[in-house]
């Protein structure tokens, strides 16, 4: 949880149904600070990579139009109990976070 | 003014006038909604506006697949379990270690003679242990309260009005607040959420009051954030152009007492996700 | 020479007149806004203040600072009227709410 | 003067953005995200605008968004060989909202939540075996604030 990524996965046969929620402001760069009147600089996740046992299975590219605290769900076939699923994101400031879970 | 009302309430009680008991109030409340929305089961009102809005219900279900409040739940659990500087934790301040107790809040504390909400007691716990109180509307307190509500899911609201004239007066004060028109728009809580529940205000369907307090705190898309029940009271008051009263002040706590009593017997399903 | 004196006299008179108008305006502002503050205080005590009033009084004070006392008076008069209306609302609701209770 | 200065500034800002981009981000389709029309997005992301509407592309989005800040959208497809999925919100200032590159094992079935400024067509574009297929739907957006 320190990563700010919440992950859930369900195994149905050999398909893992994966749901993720990532804590992130997703600032569009067009909003103004109510107090100072200054534009709040854009700050958003640009790329989310999902890996199964270290191999990239899916890359999501986000723009600032993805909602705050992005939700991303996807399905991966060829998965089995004990496999490791990793999700990591990078944002436009170069910050990143990563979280993993073991399928069961 | 307030004193006068208290005296009136007291006088009426003593005189044994045909004063509606809280239980009469609650039954009338439920009957009202059953008449107004005959197809909606009483238990479904815990889902707020989604009980009476099918299209929105589906969208809400999609959001509930991974609701945005889950981030706050994780944070809330961590905060709840992290010891204070003196080594004590929140668990030391609450019955049953704070787990599964949300359904008993708010309650009337006969010792201090006032209504206690869960957020108020979270801060009392902090201060007792030498920590600074948290702000009441959002942030850490909403996360902690969300976690405590989550551990109480499925339990039925059990609000008690003890045999104490002060408790009855607090309930009546909450009821008076609920039915009094306020603000430049001259609307009461009941005008929107009882008498016009299900009607549209611009693009929004007004939610029914029955079940309102079961799902707080909530993550509101409009806020992009979590908020407590009193944050919502604050917002409602502003919407009718009344100056909001202080969160966890006497008025809002009494209001919470009344409103939650109206939903007695309904399941706690907080935290919730709302638009 | 005469002409010059006349002009000078007119200038002095004009300045005096403007000054007194300003003083009169300022006094009207002080009076109007004191009344607004008092009405607002009453509404706040009854816990029935409208959220339109605070910003209006703040705007009035800004206008007064900028020397526009006419505008300040208008705003304070409106703030006072609204506060009085909210006090009337509070008094009415002290009884009227009972009729609205679901029965 | 005004024009050339502005051009220069824009150039400088672009250069600054490029320099700030970490290496791992080079794959991010910047041009497609900066494009401001549906066709430009298609060109930048898929190299062309020629696409056929297909019932094999399923786009799920609400008829009326409860709140334009959080509109649930999902795209799935029964087509074989799906390589990329794009979601375009036509009326947004930058229409491309998200794109997904599918690796081996990934199913053509993704869900996310998007911001929509106003009522707009939402278009799902799927590239499968080098060809483009689309599905689209109008999502109405109203603004409000009295929900409970």
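All chains are identified by letter, namely A, B, C and D, in their written order; residue positions are counted from 1 within each chain.
The criterion applied here is as follows: contacts are C-beta pairs under 8 Å (C-beta built on N, C-alpha and C of every residue); 3 or more make two chains touch, one makes a residue touch a chain.
Only a predicted model underlies this, so the values are computations on that prediction, with no experimental measurement involved.
When the C-beta pairs in contact are tallied for A-B and for A-D, the bigger tally goes to A-D. In this assembly, the C-alpha centroid of chain A lies 55 Å from the C-alpha centroid of chain C. The distance from the centre of chain A to the centre of chain B, with each centre set as the mean of the Cα atoms, comes to 33 Å. Here the CA centre of chain A is 16 Å from the CA centre of chain D. Between the Cα centres of chain C and chain D there is a gap of 54 Å. Multi-chain contact residues of chain B, defined as those touching 2 or more other chains: 68, 224.
Chain contacts: chain D has residues 69-70, 72, 113 touching two or more partner chains. Looking at chain A, one finds that residues 68, 71, 73 touch two or more other chains.
Chain pairs that touch, as defined above: A-B, A-D, B-C, B-D. By the touch criterion stated above, chain A contacts chain D in their complex at residues 15, 26, 28, 30, 46-47, 50, 52, 55-68, 70-79, 90, 92-94.
The touching residues of chain B, counted against chain A in their complex, run 65-66, 68, 70-71, 74-75, 78, 224.
Those residues of chain D whose C-beta lies close enough to touch chain A in the complex are 20-22, 24-25, 27-29, 33, 69-72, 74, 89, 92-94, 96-107, 109-116. Residues of chain B that touch chain C in their complex: 1, 4-5, 20, 25, 28-29, 32, 175-176, 179-184, 186, 188, 190-191, 194, 237-238, 241-245, 251.
Every residue of chain B that touches chain D in the complex is listed here, in rising order: 48-49, 55-56, 58-60, 62-63, 68, 192-193, 201-208, 212, 220-222, 224, 232, 235, 239, 274-275.
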